[in-house]
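Below are the C-alpha cells for one structure; questions will follow.
Each chain gets a letter, A, B, C and D, in the order it is written, and its residues are counted from 1.
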Amino acid sequence: MIDKFIATAQAALADVPDGATVMIGGFGNAGMPAELIDALIERGARGLTVVNNNAGNGDTGLAALIAAKCVRKIICSFPRQADSWHFDRAHRAGELELELVPQGTLAERIRAAGAGIGAFYTPTAFGTELAAGKETRRIGARDYVLEFPIHADYALIKADRADRWGNLTYRMTARNFGPIMAAAAKCTVAQVRETVPLGTLDPEVVVTPGIFVKRVVRIASLRKAA
Amino acid sequence: MKKFERQQIAARVARDIPEGAYVNLGIGLPTLVADHLPRDREIVLHSENGVLGVGPRPAKGMEDEDLINAGKEPVTLLMGGAFFHHADSFGMIRGRHLDYCVLGAFQVSVAGDLANWHTGAPDAIPAVGGAMDLAVGAKNVLVMMEHLTKEGKSKIVERCSYPLTAAHCVNRIYTDLAVIDVKADGLHVVDIVEGLSFEELQRLSGVPLKRTSASKAA
Amino acid sequence: MIDKFIATAQAALADVPDGATVMIGGFGNAGMPAELIDALIERGARGLTVVNNNAGNGDTGLAALIAAKCVRKIICSFPRQADSWHFDRAHRAGELELELVPQGTLAERIRAAGAGIGAFYTPTAFGTELAAGKETRRIGARDYVLEFPIHADYALIKADRADRWGNLTYRMTARNFGPIMAAAAKCTVAQVRETVPLGTLDPEVVVTPGIFVKRVVRIASLRKAA
Amino acid sequence: MKKFERQQIAARVARDIPEGAYVNLGIGLPTLVADHLPRDREIVLHSENGVLGVGPRPAKGMEDEDLINAGKEPVTLLMGGAFFHHADSFGMIRGRHLDYCVLGAFQVSVAGDLANWHTGAPDAIPAVGGAMDLAVGAKNVLVMMEHLTKEGKSKIVERCSYPLTAAHCVNRIYTDLAVIDVKADGLHVVDIVEGLSFEELQRLSGVPLKRTSASKAA
C-alpha cells in the first residue's frame, strides 16, 4: 500500500544533508511551510542553497534558518524587505551568496526543472544587468535571454488537503510556488492542514498529483489573520 | 498651477482602462488605481501571486492570510475569479495576455525604457520581484510617477541613469504634471495640469516633447 | 459587462480568414469540438494550418475539414490511423503538408506560445530523424533539441462548463490540449456543455481562466458512449 | 522449447514492477501488462492524455467517451486518480517522474537504442505520438516484443536499421524467448524460455549476449 503520510515534520526532514538545495514554497505567509522550516532548522543541515521568492523577514521561518547559519546561498526575486534584517546582515557580511532572479524567470526555471526542459529563452530581463553575461538570441522581432532550470534535492511546501498517495489541493493564493516546486525536487515534503482518505479528493480538482510528492505531514496549525 | 494629487493621477489612469480589460496594478502608487475604476465597468485585476479577479481590501477582521496580492496585502476575490500557480501566472504576463499593467518608476526615457527596480547604489541590496516580467509582458505598460525628483530633476530622461527594468516598454506616462504618450517618434503630451503651459512643461522635462492636437489642460 | 457567450458556433467563427492557423483540441473524441469544426467547414475558409494531435479519422470532424479542402498544412503527432483516409489521400496527392511533431514536443511548443517563451531545449527526438536539421545542444549530461513555439490565430476547444467571463472547467481526459491551446491562440473559442452564472465555478477549480478565452458557445450535444 | 505467450510476457513484465511505481503502458502489447499487475501491490498507471490512476476497462455499456487512455480505449479511474492537461502530462514524462514505461519495438540495439515508431518505408506515413517522449523520459524503459521477425531475423540488433525513437534508452527487453538487461558493457541474459539453451539463444539473437549468474530458465 502506498502511504506517504509521515508522523512529524522532524521525521520528514531527517535525511536532509549538508549542502542540499532546498526549495521553500510560499509568498508572504500564504503557502509558507512554517513548521517544516522549523524542522529544517532543528535538523541543522549546513551549507544549504535555498530557493524561495524572498529571503526571509522578521525573526521566524526562512529568516530564522538564515540566523541559524544553515544557508550558504539564496536564489530569489525579492530579498530586500523592510524586515529582512537577517538576510541583510549575513549578505553584507559576505556569509550568504545571493542569486537575484526576476520572479517570472524564477517560476519558469523551477517549472523547467520539473518538466525536463534543458533551457529556455525568455524576453524578461533582456538588456538589463540581470542578464549580464547571459546568452541572448533574437527570435522573430524580440530579444530573449537563455535561462536554465533550477533543480532541487528537497521541496518544502504547504498545501491544504492530501490523501495517502500524496495528491494535494491548495487554498487560494497559498498555491503560488507549491505545484512547480513539488515537480522540481527529488524529494518533495508537503505539510497540509488536513489528510483525507483516498478517493476523497475530486480528481478534477487535484492540483499536484501524488507522483510529485514523497512525504506528507499533517500540521494542524491555526490559521492566523494576515 | 496645482499639481495632480496621487489620487487624481490614479483616477486619470483608471479613466483609460476600458471595460473587459485584464490589468495588473504594481506595488505602491499603482494600487491606488483600483479605487478609481468606474463601477459600471467590469475590469479584471490580476496579481502575480496567482489570482485573477482581485477585489477590494476585506473588512477589518475578515482578512485571510491565504488571500493576498503581490504586495502581500489582504484582498478579496470577486465572483468570476480564479487561482493558479506561479508559473501559470507569469505565463499569463510573459505571454502577453494582460492588456495593461500600471507600474511606478524612478525614470522613463524618451525611448520608453523603464527604470523602476534598483537605484544602483553600490551598497543597496537589489530586489526585482515581478517588475521585469510585467514590463516586457503586458500589452500596454502605463507608468505612474511624480514628474520631478525631490531635487527638481525630470524623471523623464534622455537615457536612464538607473539600471533598466526593460527597454522600449512604456506606452504612457502619468505624472503630477502631465499625461504623455511614448511613441516611436517621441513623447506626445496628452494632458497638462491646469495652469501649466506646454512651454513650461517642456522646460521642466528637459527632453523634447511634442504638442498634439489632443494636448489640453485636464 | 463582460459577456463572452455567443449564440451559435457559426457566429463564433464568422471571422476566420483564409490562411489562418487554427488549433483544434481533443484527443480521440474526448475534448473534440465537433460542432465548432462543423461550423468551420461551413465558414469555408481555405488554406488553413491546423494543429491537432491527429489528422482526422472517419468522415467527420477534422477529416471532414480536410475532405472539404480547407486545410493546407497539419501539425500533429499521430496522423496515420486505420481510418485516416482523407488525410492519407490528400497528403499522398501533395495537397496537404504534414509537420510531424512528437506529442510532448507538440504540447510544449503550444504551451511555450501561451507562456511567451521564445524557444526551449527538449531531450525528446534528439538523434532521430524528427530532429534532422534542428539546432542541438549538450546541457549537463544530456543532449537537447531546440524547439520553437506554435502560435495560432484561433483555438477551437471543448470544455465542460463556462461562465460569462470565459472561465472553463473540463471533464476527465477531455481536458487534454484545451488549456494550453486556449493560451496559445489570439482568439479562443470554447464550446461547452453548460453555461453557468458568474460565481458558480469554484475559483480553485477553474482550469482555464477567462483571460484566455474570447468566445463561448453552448452546445447541448448528447454525450455518446465511446 | 515452448515460447512465452503474449500473456506470459506481460505477466513477466508485471512481476518486475514494484509497489508504488508510476508506470506508463504503451499502446498495443504493453497494455496487456495491466491485467497481470499483482492485486496486492498499489501501482499507479499514467496515460499521456492527462490521467494518473488509470483503472481497468469499464463494463459494457459503462464506457464514457471523456475517459479514455492513450490508445483511445475506454478506461476507468481508480480512487486517488487525477486529471491534468497535455503539457503537464508530458512534463511528467520528460521530467523523469515516471518510474517505468513499457513499450513495443521493431528493434532494440545492443546499445539500448530503440526503434518503434516508423518502418522507414518510403511511402509510409509516419506517426510518432508519445513514443519519443516516453523513451527519453521514463526512469526505466522496458521493451516487450517478439524476439524474431516473421522472417526469423533477430529484433535485437547491432545497429537499428529502422529510424530511431531514442538512443541509449532501453533498460530491459522482454521477448517470447528471453529477458535481457541492456547495460553499459552489453546485453545480459536474465531469463531464458524453458528448453532453449544459452548457446541457441545466442545463435538466434546474432549479437553478443552475456550469461549472468541470474540467467536461468523461467
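Note that contacts are C-beta pairs under 8 Å (C-beta built on N, C-alpha and C of every residue); 3 or more make two chains touch, one makes a residue touch a chain.
Predicted model, so just to flag it, every value in this text is computed and none were measured.
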For subunit B and subunit D, chains touching each: A, C
CA centroid of subunit A to CA centroid of subunit C, Å: 33
Length of the line joining the C-alpha centres of subunit A and subunit B, rounded to whole Å: 29
Euclidean distance of C-alpha centroids - subunit B vs subunit C, Å: 35
Residue numbers of subunit D (touch at least two other chains): 77, 83-84, 87, 90-91, 93-94, 137
Where subunit C touches two or more other chains at once, by residue number: 108, 111, 115-117, 122-123, 170-172, 203-204, 207
Chain pairs that touch, as defined at the top of this document: A-B, A-C, A-D, B-C, C-D
Parts of subunit A lying in touch with subunit D, wherever the complex brings them together: 1-2, 111, 113-117, 163-165, 167, 183, 198-199, 201, 203-204, 206, 209-212
Partner subunit C, residues of subunit D touching it in the complex: 47-51, 61, 63-68, 72, 74, 77, 83-87, 89-91, 93-94, 118, 123-133, 136-137, 163-167
Subunit A contact footprint on subunit C (complex, rising order): 108, 112, 115-123, 137, 139-140, 142, 144, 148, 169-172, 202-205, 207
Of subunit B, residues touching subunit C in the complex: 19-20, 22, 42, 44, 46, 52-53, 77, 79-84, 87, 90-98, 137
Contact footprint of subunit B on subunit A as seen in their complex: 27-31, 77-81, 87-88, 91-92, 98, 100-105, 107-108, 110-111, 122-130, 170-180, 207, 223-226
